[in-house]
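Structures follow.
In what follows, chain A forms one complex with chain B and a second complex with chain C.
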Partner chain A sequence: MSDHPTIKIIARFWPHALLAIVLVLPLFGDAIATKLTPIMVFAIVGLGLNVVAGFTGLLNLGAAAFMAIGAYTFAICTVPIYPFQIGFWPGLGVAIMVGAVAGTILALPAMRLRGDYLAIVTLGFGEIITDVLKNLDAITKGTQGLNPVAAPEIPFVTYSISAYKPTYYLYLALLLVAILLCHNMRKSRLGRQWIAVRDDELAARSMGISPARTKLIAFAIGSGLCAFGGAMFASLNGTSIEPSFYDFQQSVVILCIVIVGGMGNVKGVILGALIMVGFNSIILVNLTEWMTRNGWTGNNVLATPSNWKFMIFGLALILMMRLRPQGLIPAQDVEPVTQKPATAGATP
Partner chain B sequence: MTVLELDQVTLRFGGLTAVNNVSFRVEKGDIVAVIGPNGAGKTSLFNTITGIYPPTTGRVLINHAVVEQPATLQNKIQWTIIGVVTAIAVTLALNANAIWDAAINAHAITSPFPWGQAFNDACRVLTPSAWTIIPGLVGGFVGASGAWNAWRTARCSPDLVTRVGVARTFQNIRLFRELSARDNVLVGMEPKLHSRAWDGAFRLPPHFREQTEACAKADELLAFVNLGEVADVSAGSLPYGHQRRLEIARALASQPSLLLLDEPAAGMNPTESASLMLLIRKIRELGITVLLIEHDMKVVMGISDRIVVLHYGNKIAEGTPAEIRENPAVIEAYLGKEAG
Partner chain C sequence: MTTTELIIQLLITGLANGLIIALIALGYTMVYGIIELINFAHGDVMMLGCFLALTIVGLCGGEQLSPWIALPLLFLTVPFFTAGLNWSVEKLAYKPIREAPKLTALVSAIGVSFVFINIGMFWGGLPMDVFGGGGSAASAKSFPDLFGWSNLLGEQSAVLLTPRDVMVAAVTIPLMIGLTFFINRTRMGTAMRAVAQNPTAAKLMGIDVDRVIGLTFIIGGALAGVASVITALYTGSIHFQMGYRNGMDAFTAAVLGGIGNLPGAVLGALLIGLVRAVMEGYVPNGGQWSNTVVFALLILVLVFRPNGILGSRVREKV
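Then we have the complex of A and B:
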C-alpha cells in the first residue's frame, strides 16, 4: 500500500463507510437493495471458502457443491410437498449442520492431501454432488429444482411478503454475524492453528498441533458457512434452483471472490464479493439494459455485455495474478519493520 | 533421572541406513551435544526422537516410556461404530430414491402425514437383497478399516511427542511467517491451551481467561530471548538472528522437559553465538535438559556436559568435551587418518 495519507485513510475506513452505505441504501428504493442481497449471500459463501482456502491453505474447488447441499437441504426441509416443513430458522440450522457433516466426510479421505491433489479431490466432489442431485430425482425433483421453499422471516415480526426491506436487513445482520464469527475465530487459538498448518505443517505438528484435526475443523466450519449461504440463497429465490447452477463455474466464481479480495482476509472477501457479484448482477445487467434501450444489441453474442462475464472474470484474474497476487487487501495484519527479505542465510 | 534414552535405534530409508544402532542416554539437567560431519545422521536422529520418522528398529524412551497411542477398548469401539455408521449410510444412500418414493412421495397427499406408516414402508424397501447387503458390507469394511488406518498412522507423531514434553527447533528455520512473533510463541504454547473452538468464535469467558494469561506468558518468553520489542512484527520479516531466537522461544513455550536444538548457532557471528551460549545456559537453569546439534566447536566445547559423536550413522564416541577432544576416532572422522 502506498504511504499517501488519503490512501491510508481509505484503507482504514472503507469498511465503516461501506457499512454506512449499505445501511441507508434501501431507503432510496427497493431496486438497488434487491441487487445487493445476493451479494451478501455470496459474501457469506466466500467467507466459508476463505476459512478453508485462505486461513488453512487448502485449495477447495468445490465450494458451490456445499452451497448446493445447503440449498437442497433447506429446500427439502421447507417445501410444502414434503412433510417436514420446519420453517426458515430451523431450516437454516439443519442446512448448516448437513453442510458441516458433508465437509467433514469430504475432508476425511483428503486429510493427508495438500495443494493440487486436494484441489482435484474437491473438484471431483463438486462434480459428484451436482450429478447426485440430478439423479436423486425422487428427492430433488431433478432439474426442476424444489419450490416453493420458505421465505426469510424475522421472529416475532410480521411483514407482508412483498416488503423487501426486512429481508435486506435480516440478510445484512446474518452477514455481519458471519463476519464477526470469522474474525473471532481467526484471532483465537483456532485461527492460529489454521495459519500455523498453512504456513508450515511439519512445524505445526512439532508444536503439538494435530494437522488432521485442524483441517477437519476448518472443512466443517467452512462447508457449514457455504451451506448457510446456499440455504439463504434458496430462501431468497424461493427455489433451490437446479443442480447445474452449482457447477464448477460457480465454484470458480466463489474462489475468485476470495482471491480478488485477498486470501485469508475477512475484509477482502467482502470487497471481493462486492466486486465480483456486484459487477455481474449490477453493472453488466444495467449495461445490457441500457444498450438494449438504445438498440445497440443485435444477433451478435458479443453485443450483449452479460455474455462478457467470464471473459472479464478471466481477464481480471490474470491481471490480479500479474499485478497484485496477494489480493486487493493482503492478509498480513502485522506491520513488517523492514522491507528486506529476512530469508538470507536461512539455509546454512 | 534419565529424560531421554535411545535403545539401539536404527533408521533406514530403503537401502540407506541413516542411523545405525545408536544408543545413549540424556540425564536431567544436562546439556548434551550431538556432533559429526555433514551427513552423519544427526538431524535424522532428531527426527526419530521427535516422531517424524519412527525408528526402523529400536526404541526411543522419553521419561522411560515409548510415546505411542495405545489401542484402548475405546479405540476399538470407535472403529466399530464408524464401520456400522458407514455401512448404514452407504446402504441408505444407494437406495435413497426408492426409500424416498416409498416413504415420503407415496404419502405426500395424506394429511396429517403418517410417520409410522412411512417408516414401515421405508423398512420394507430395505429388505435383505444384493442392493442392501453388499454395499453395507463394503461400506462397513471401508469405514472400519479407514478409521483403523487413521489411528495407525497417527500412532506415533510429532504432536504426541511434543505433548509429553519434548520441544525442538529446526536446522532451516521453520517459523509461521505470516503470524506475529507473539502469535508464534502462542502456537508453541498449544499443548498447554485448552479453550474450545466455540470459546474463541463466540468470545466466551474461557477464551479471554486463557488469552490474557497466554499472552502475558508469551511476552515473558519473548523478553527472555530479548525479542520483547518485536512482539507484534510478523515472524517472516524479522532479521535472521531474531528468527533463530524466536524459534527457541516458541519451543520453550510448550514448557518442555527436553529441548532439542538443531544447529542453533548456524549462520551466527562470534558475538551472536556467545550470547546464544549464554541463552542456552539460562535455559538449563530453568531446569530444562538440552540436546543440541552443532558444528561450531567453540559453542559445543563451551557449554556441553557430554558429547555424542556420530559418523555415517554410527556412534563412534561419547564423553566429556575433554575426552572427545583427545579421542583418536573422532579426530580421524573429522580430519582423516594420518598418513603413514
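Then we have the complex of A and C:
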C-alpha cells in the first residue's frame, strides 16, 4: 500500500462508505437493489470458502456444490410438492446443518491429503453432487429444479410479496451477521488455530493444536456458510435453479471472489464479491443489453461482452497469481510466523 | 448378442477410448513428475487442437477429403500447434511463479484453462461454413466423418470393429513405444528423469532444468495434439467444454496409475476406458452415472492409495 494520505484514507474508510452507500441505494429504485442482492449472497458464499481456503489454507474447488446442497435442502424443506413446508427461517437452519454435515463427511477422509490432492478431491466431490442432483430427478426434478421455494420473510412483519426493499435489507442484515461472525471467528482461539495450521502445520502441532480437528471444524463452518448462501440464493430466485448451475465453473467464480479480494481477509472477500459478481452480473449483462439494443452485437460472438466472462475470470486468476498473489487487500497476517524468529514460539 | 460377443465389444470400445485417454494422461503425469503441478489447462490445450483439426479439415474439403491425405496433414500440423501452445503456457503462466507455493500454480493453471475455454468458444463462433452444428458458438460442432462405419469383421458379425478403432491403436501404440524409448534410452530422456528425481542435483550435474521442463511441456502438448486429432475423428463431435471432461478422465487415469509413472498412466487410462465402456454399454442407465463413477474412483484412489496402483512414487517433499 502506498503511504499517500488519500490512499490511506480510502483504505481506512472504504468499508464504512460502502455500507453507507448500500444502505441508501434502494431508495433510488428497486432496479439497483435487485442487482445488488445476488452480490450479497455470493459474498456470504465467498466468506464460507474463505474460512476453508483463506483462514485454513485448504484449497476447496467445490464451493458451488455446497451452495447446491444448501439450495436443494432449502427447496426440499419448503416446496409445496413435499410435505415438510417448514418455511423460510427453519429452512435456512436445516440447510446450514446439512451443509455443515456434508462438509464434515467430505473432510473426514480427505484430511490425510496434501494441498493439491485435496483440491482435486473437493473438485470430484462437487462433480458428483451436481451429477447426483441431475440424475435423481425423481427427487430433485432434474434439470427443471425445484420450485416454488419459500420466499424470504421477516419475522413479525408482513409486507407485500412484490415489495423488494424488505428482502434487500434482510439480506444485507444477514450478510452483516456473516461478516461479524467471520471477523470474530478469525480473532478467536479457533481462528488463530486455523492460521497457525495454515502457516506451519508442524509447529502448530507441537504447540498442542490438533490439525485434523481444526481443519474439520473449518470445513464444517465453511460448508455451512456456503450452504447458507445457497439457500438464500434459492429463496431469492424462488427456485433451486438447476444442478448444472452449481458446476465447477461456478466454484471457480467463487474462488475468484476470495482470491481477487485477498485470501484470509473478510474485507477482501466483500470487495472481491463486489468486483467479480458485480462485473459478471451487472456490467457484462448491462453492456450486452445496451449493445444489443443499439444493434452493435449483430451475430458476432466476439462483440457480445457476456461471452468474455471466462476469459476475464481466467486472466484475473493468472494475473493475480503472478502479480499480487496476496490479493487486492492482503490479510495482515500473511507472513509465516517462522520469519519472526524472536517471537516465533511466544504466543500460541 | 451373446455374452462373449458383448465382452469383446466392450473390450474394443473400452481399449480404444482408453488409448485416447492415455495420450492425454501421459502429458499430465510427465508434467506432474517434473514440477509437481496439476496442469489444469492440459485438457483445454487438447480441445483447442480439436478446433484446429476441424478448421483444417473443413478448409480442405470436409467429408470429401481422403483419410490418407487428412491424417498426415493433421498429424503434421495439430501436434505442433498444441506443443507450442503448451510450451507458451509454461513460459507465461507457470515459470514466473515456479518458486511460489504449489497452490498458486494450480490456481494459475485453472485460470489458463478458463482463458482457453473462452478461446474455444470464440473459435466455434467464427463465421466459417466449416462449423456444422448451428450458428451458436457454444453448440457442439460435428467433425466430418472420414472413416465411415463399415465393419472390418464383416457385415454379419455382431461385434463391431470399425476402421476408427484400428486407427486409434495404430497411432497410439507406436507413439507410446517411442516415448518409452525416448525416456529410457536417450540423453534428453535421462535428463528428464534426473530432473524429476531431484531438480537441484540435476542442475549441479549441468542439466539445463528450464530446457528440460520446456521440453516436457512440448512433448505433453504434442501428445495432446495427437489425442485431439484422434478424438475428433473417433467421436465425430467437438465442443468447447470437452477439454475439462477429457482432462478429468486423463487426470484420474494418471492418479490411478500412480502420478509421475508413465506405464501407470497408460494402465490407468485403459482401466478408465473400460469402466466407461461397461457403464455406457452394459449397465442399464449407466451412461448418466459414468462420470460419477469415474470421480468416485478418483476420490477413492486419492484417499486410500494416493500412490496409485503401481505406486512407484514414494518421494514426499516436506
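Heads up, the rule we're going with is that the second predicted complex is superposed on the first by the 332 of 348 C-alpha atoms of A that agree within 3 Å, B and C clash if a C-alpha of one lies under 4 Å from a C-alpha of the other, contacts with A are read in each partner's own complex, and residues count from 1 in each chain.
The definition used in the following text is that a residue touches a chain if its C-beta (ideal position, glycine included) is under 8 Å from a C-beta of that chain, and two chains touch if they have at least 3 such contacts.
Predicted model only: the values in this text are computed from it and were never measured.
Looking at the shared chain after the overlay, A:Phe248 reaches chain C, while chain B stays out of its contact range.
In the superposed model, A:Ile120 lies in contact with chain C only, and not with chain B. In the superposition on chain A, contact of A:Asp199 is made with chain B only, not with chain C.
Residue contacts after overlaying the shared chain place A:Gly314 against chain C, while chain B stays out of touching range. Once the two complexes are overlaid on the shared chain, A:Asn286 sits clear of chain B and of chain C alike. With both structures placed on the common chain, the touch criterion links A:Lys187 to chain B but leaves chain C unconnected. By the touch criterion defined above, A:Pro109 reaches both chain B and chain C. Once chain A of one complex is fitted onto chain A of the other, the partner contacts of A:Asp131 are limited to chain C, with no touch recorded for chain B. According to the touch criterion, the shared surface of chain A, contacted by chain B in one complex and chain C in the other, consists of residues 109, 135. Those residues of chain B whose C-beta lies close enough to touch chain A in the complex are 50, 52, 96-98, 100-101, 104-105, 107-108, 113, 115, 118, 146, 150, 154, 157-159, 162-163, 167-168, 170-180, 183, 186-188, 190-191, 193, 195, 197, 199-203, 207, 210-211, 230, 232-234, 236-240, 243, 250, 254, 263, 266-267. Residue ranges on chain C touching chain A, taken from their complex, read 36, 38, 93, 96-97, 100-108, 110-119, 121-122, 125-127, 135, 137, 244, 248, 251, 255, 288-289, 291-292, 295-296, 298-299, 302-304, 306.
Against chain C, the residues of chain A that register as touching in their complex are 59, 61, 109-110, 112-113, 115-117, 119-121, 124-125, 127-128, 131-132, 134-135, 248-249, 252, 255, 259, 299-302, 307-311, 313-318, 321-322, 325. Put simply, chain A touches chain B in their complex at residues 81-83, 108-109, 111, 135-139, 181, 184-185, 187-193, 195-196, 198-200, 202-210, 212, 217, 221, 264, 331-332, 334-338, 342, 344-348.
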